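What follows is subunit A paired twice: with subunit B in the first complex and subunit C in the second.
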Partner chain A sequence: MLRLTLQETPSVPLEADVLSPDMLAPLTIEAIRALPVYLGKRQRRLADFFAVGGEAGDEIEIHGDLARVKWIGRAMTRGVLRIYGDAGMHLASAMQGGTVDVFGNAGDWLGAEMSGGVIHVRGNAGGQVGAAYRGAPTGMRDGVILIDGAAGLEVGMRMKRGTIVVGGPVRDFAGLQMKGGTIVLGQGAELRTGAWMNRGTIISLQPIPLLPTFSYAATYNPTFLRLYARRLATLGCVLPYDERQGSYQRYTGDAAVPGRGEILVWRPNG
Partner chain B sequence: MRASVYKSPALKPRIADTFAEAFDMRAARVVITAHTPGWALTAARSMTGFATSVIGCKVEAGIEAELDPAETPDGRPGLSVLLFAFDAAGLGQRLVDRVGQSVLTCPTTACFDGLPDAAERVAVGGLLRHFGDRYQSSKFLDGQRYWRIPVMEGEFLVQESFGVQKAIGGGNLLILARDQAAALAAAEAASEAMRAVRGVILPFPGGVVRSGSKVGAKHYKNLIASTNDAYCPTLRGRADVESALPRDVNAVLEIVVDGLDRGAIEASLRAGIDAASLPGVVEISAGNYGGKLGKHHFHLHELAR
Partner chain C sequence: MLRVTGGTVYDPANGVDGLVQDLYIANGRIVDASAIADGARTIDATGMIVMPGGVDVHTHVAGGALNFARGLVPENQRAARKFLHRGDRRAGLGGMTPTTFATGYLYAGMGWTTVNEAAVPVLSARHTHEELHDIPLVDKTSLVLMANNEFVLDLLEAGEAERARHVVSWLVWAAKGYGIKAVNPGGVEAWKWGKNANTLHAPIEGYKTVTPAMIIEGLATIADDLQLPHPVHLHCNNLGVPGNFATTIETMNVLQGHRAHLAHLQFHAYGGDDWTTMRSESARVAEAFTANPTLTADAGAVLFGDAVTITADGPWQHLLYQLTGRKWGNLDVENETGCGIVPYVYKDRNLVNAVQWAVGLELLLLIDDPWRIFLTTDHPNGGCFWRYPEIIHMLMNAEFRREQVQQLPEKARQRIVLADLDREYTLSEVAIITSAGPARSLGLSRKGHLGVGADADITIYPSRPDHGFLFSYPRYVIKGGAIVVEEGDVREVVDGKEFIVRPACDERIEDYIRPLFEKVYTMSFANYPVEIERLRNPEVVVPEP
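Here is the complex of A and B:
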């Protein structure tokens, strides 16, 4: 296992997209130390900021306050990346496979435009989780993002496939312009959830304010949620589905687009 | 293995020195779940109806096993159904027909692929989705697409594609008995034991067939199959029939078994031979065409060893 420890918190954001199993696994420790990172517009060596130890491989641990370190795990396709501390913006953006575990908080654009793999953030995350970059038509295409805490604006914006689970509260515009995929809101969201969504599913385990362009359809227990519940249970998430515990109210929309999306709001029995 | 009721090995039925001849087929496994085991069984029975022989039904199908909720994709009670046909294209069409008419229509059911590792795939939900008239939607989870088709009772969930694998059809046993009652008792015991093996089905009614056939016909040239006159007791003694029956045999029943692989069929035939060794059974034999038609041969002496 390769172990990197941040020695010095950078004064400006440090761009370190080399910090991924794909880049580091085939290299020697010396080659890893010499990899380029960008402090603002200046190119520096990785060793200028990180102590590097252990053996190179598909398993990497990074320690320290990385809140100003961007693009960690960018486009990674395999391996395990564990971050003990906060992680900066664009963590695991365009990720295609493997696992990212953050034992802290994550910044904006977590898993943006990812197409595979699993990201688990134990703390909070910023905005635009799994979203499309500005001007891009499609956000997250597959994979799973789990956030134990809260998340910011525009979670899952223009996502097409994949699953985002946020355990804590979420800010405005969750599922903005969503094209597919599934967002689970453990503690609901603020305003304009599902605005302009075309397709996809937003599941809220708490009552949420709905746009007037969403219409009530039915109260039921969708069978497909059982598949999600079983899959998410393997990742430690509980998604209720049993009719003995409650049911979901289905709202369709956003009629402003017009869209074929759905918001499912859990209503426990009693 | 089931203990024989015979006290002396000398009283056991003869095992004919012959083999069952079986053929290459293609198989699919369908997992049907429902709100209750009863509704899953209702759908499975409907889906496997009129599917005794590819000759007349274009597909052979049967219930393979009851599944605990822990064994099904959606955690509900269910059953697995096996379907066999000569090629993947034909099997795909039968799947669409039967899932569409017997499972989609049945309350609370959902339908999943039971051969997820099979490389060859046929579209099922991907075609049935059109019943949704563009009100359908899909979910993509762990590399598999599932279609949610709106129906009056809620939604029908069906997987987009189903796996198809190489399989073997036409394994068989012939139970030659002194009378009809003895043949029936032995066949019932054998079919129960053979069905317990995973990976096989017995496609005929109750697992038993009384109308064993030969290839073609002697007198009607357009028939592709006709009665197996050599094993019909009532034809014994006729000049134009070369009977294969010993004098003390007055009833014969056949059990046909289709399986996902050779090992499953062998295990099933072995269980059947053991279970069919009941009083009144004179001989246990098997049907073949001299080894000319099917490349899979199951020698009874090897199975009974």
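Here is the complex of A and C:
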């Protein structure tokens, strides 16, 4: 296992897309120390900021307050990345496979445009989780993002497939322009959830304010949720589906597009 | 002072075809051997290929439209090649719409040393010149959009040819331009009514008598009368539309006897009735073109992959947007022109795109005289300029070309003639279509050749004469006597010049334009013309009357 420790918080954001199993696993410790990172516009060595120890391999631990370290795990395809501390923007952006575990908070653009793999953040995340970058037509294409805490704006913006589960509250525009995939909101969301959504599913376990362009369709317990809940249970998430406990109200929209997405709002019995 | 010794020189303008010669450089020019003192630095070019620096006759590298495009495709910028700040080299991005400084590094890095920005509205000319100034390592010219300018069209309608000439002349100088550009004559004006101009001889929307043919003939005559170094630079009507070859040939008939440059001819050489029956008509266009010796053209070739289409042709861009269904930018440039931006992907599995790809190469191969057809991709419309070496390679290698054709869908192969063409470009012909020819067409007498008195813009390639990709990696690039690129890497950054034209003009024409301008424009007249002080390195060309 390779162990990296941030020596001190950089004064300006540090871009360190070399911090991924794909990049580090085949290298010697010396070669890893010499890898380029960018402090603002200046190119520096990884060893200028990180203490490097252990053995290179597909398992990497990073320690320290990494809130200003961007692009960790960029485009990684395999291995395990564990971050003990906060992680900066663009964590696991364009990720294709492997696992990222954050024992702290994550910044904006977590898992943006990812196409595979699993990300688990124990704290909060920023905005644009699993989103498409500005101008791009498609966000997350597959994979799973689990956030135990809260998340910011535009969660799952333009996502096409995959799953985002947020345990805490989410801010405005969750599922903006969504094209497919699933977003689970453990504690609901603020305004304009599902705006411009074409397809896909947003599941809220709390009542949420809905846009007038979503219309009520039915109250039911969809069969697919049973399967879905079983899959999420293996990742440690609980999704209710039992009709003895309650049912889902289904709303379709966004009629402004017009789209055929759905928002399912859990309503416990009694 | 500098010597380049032992290189195999291709200088077609001076009849030098692969001779081992030495070149001598002093004060930014090519000089006679006697002007060089002993001890001057010598570049040993033994075994290398020496050519005049490339000249791009039609590209879009600066100004309002391009900047709009940059903003419209941030997703492309993220994937673009990055230039990091280093010494006197500035940070920037390559990609489909490179940033200003990077544009210079990319052009020079490939051996091109002069570029012609092909579409400038007077209204945003100031912005264009600011950006052109920030494109280092290349000399620049720019062309002023005229064919939908309401002042000009109104005068054509009134039959006031002489006054129209003075207005055009005034506008060229006001924009600090180099010549006249005509885009979809009358069509962009009609676009303001939601229409287009599809036939050359019908009056355009909003006018009783003005037809596209009248505008084309009128501007070509004015360019000739003003003795502009570059003739009217024409983007014909019906760009991109199946069956448009007839319009293109009719345009050549309208131009008979006049000088003119037909821009991106590839986009104007299609047969068929609609998208499903579209086919190549390059042979007929090439034949008509060859028969009109006063015309030059550039290829506007298409390469498969990402592109961003940028043109003043607003109505066409709306149609293209409806076909792609993705992004569309539209600008109305007051009384002068329009502008449309649509990001586009050329796919080899797509019948229409495959035909477009073939037509560009077919025209380059079917038009026998390399002095009349030049290499362009209408950057960034058909592909990026930094992909030119891919096209050169295909022109030089018929076998490679056929392999590429084999990968196209069967349906597309039936509609093109590319596989039947055996011609292979020689290095001398490559030097003509990339440098000597466009320089001559632009009337830049010190560009595109290596004779005594020429600007010392020289590109030295390592010798792999069978291989077009060698043009990606020049060994040395010399710009105005300075060695700016070594081993494909920018070593020294020098500023380029801007060539501008001051045609003869009756000063009193301003009294005619001012009241009209103040009635219809949103800016004040005093702010409209670009001050000469705005240009950092201008070289003013005054045509002989």
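Just so we're on the same page, the second predicted complex is superposed on the first by the 270 of 270 C-alpha atoms of A that agree within 3 Å, B and C clash if a C-alpha of one lies under 4 Å from a C-alpha of the other, contacts with A are read in each partner's own complex, and residues count from 1 in each chain.
By our rule, a contact is a pair of C-beta atoms (placed from the backbone, for glycine too) under 8 Å apart; a residue touches a chain by one contact, two chains touch by 3 or more.
The shown structure was predicted, so the numbers you read here are calculated from the model rather than taken from an experiment.
*Asks:* Who touches more of subunit A, subunit B or subunit C?
*Replies:* B
*Asks:* Considering only touches as defined above, state whether A:Arg244 meets subunit B (first), subunit C (second), both or neither.
*Replies:* neither
*Asks:* Applying the touch criterion given at the start, work out whether A:Gln43 contacts subunit B, subunit C, both or neither, answering first, second, both or neither.
*Replies:* In the superposition, A:Gln43 contacts subunit C only.
*Asks:* Is A:Gly135 touching the first partner subunit B, the second partner subunit C, both, or neither of them?
*Replies:* The answer is second: A:Gly135 touches subunit C but not subunit B.
*Asks:* Using the touch definition from the top, list the residues of subunit B that touch subunit A in their complex.
*Replies:* 73-76, 110, 137, 139-142, 146, 148, 154-155, 157
*Asks:* Give every residue of subunit A touching subunit C within the complex, in rising order.
*Replies:* So the residues of subunit A touching subunit C come out as 41, 43, 133-137.
*Asks:* Give every residue of subunit A touching subunit B within the complex, in rising order.
*Replies:* Counting only subunit A, the residues touching subunit B are 142, 161, 163, 180-182, 199, 201, 218, 220, 222-224, 226-231, 260, 262.
*Asks:* Would you tell me which residues of subunit C are touching subunit A in their complex?
*Replies:* 72-76, 78, 84-85, 91, 326
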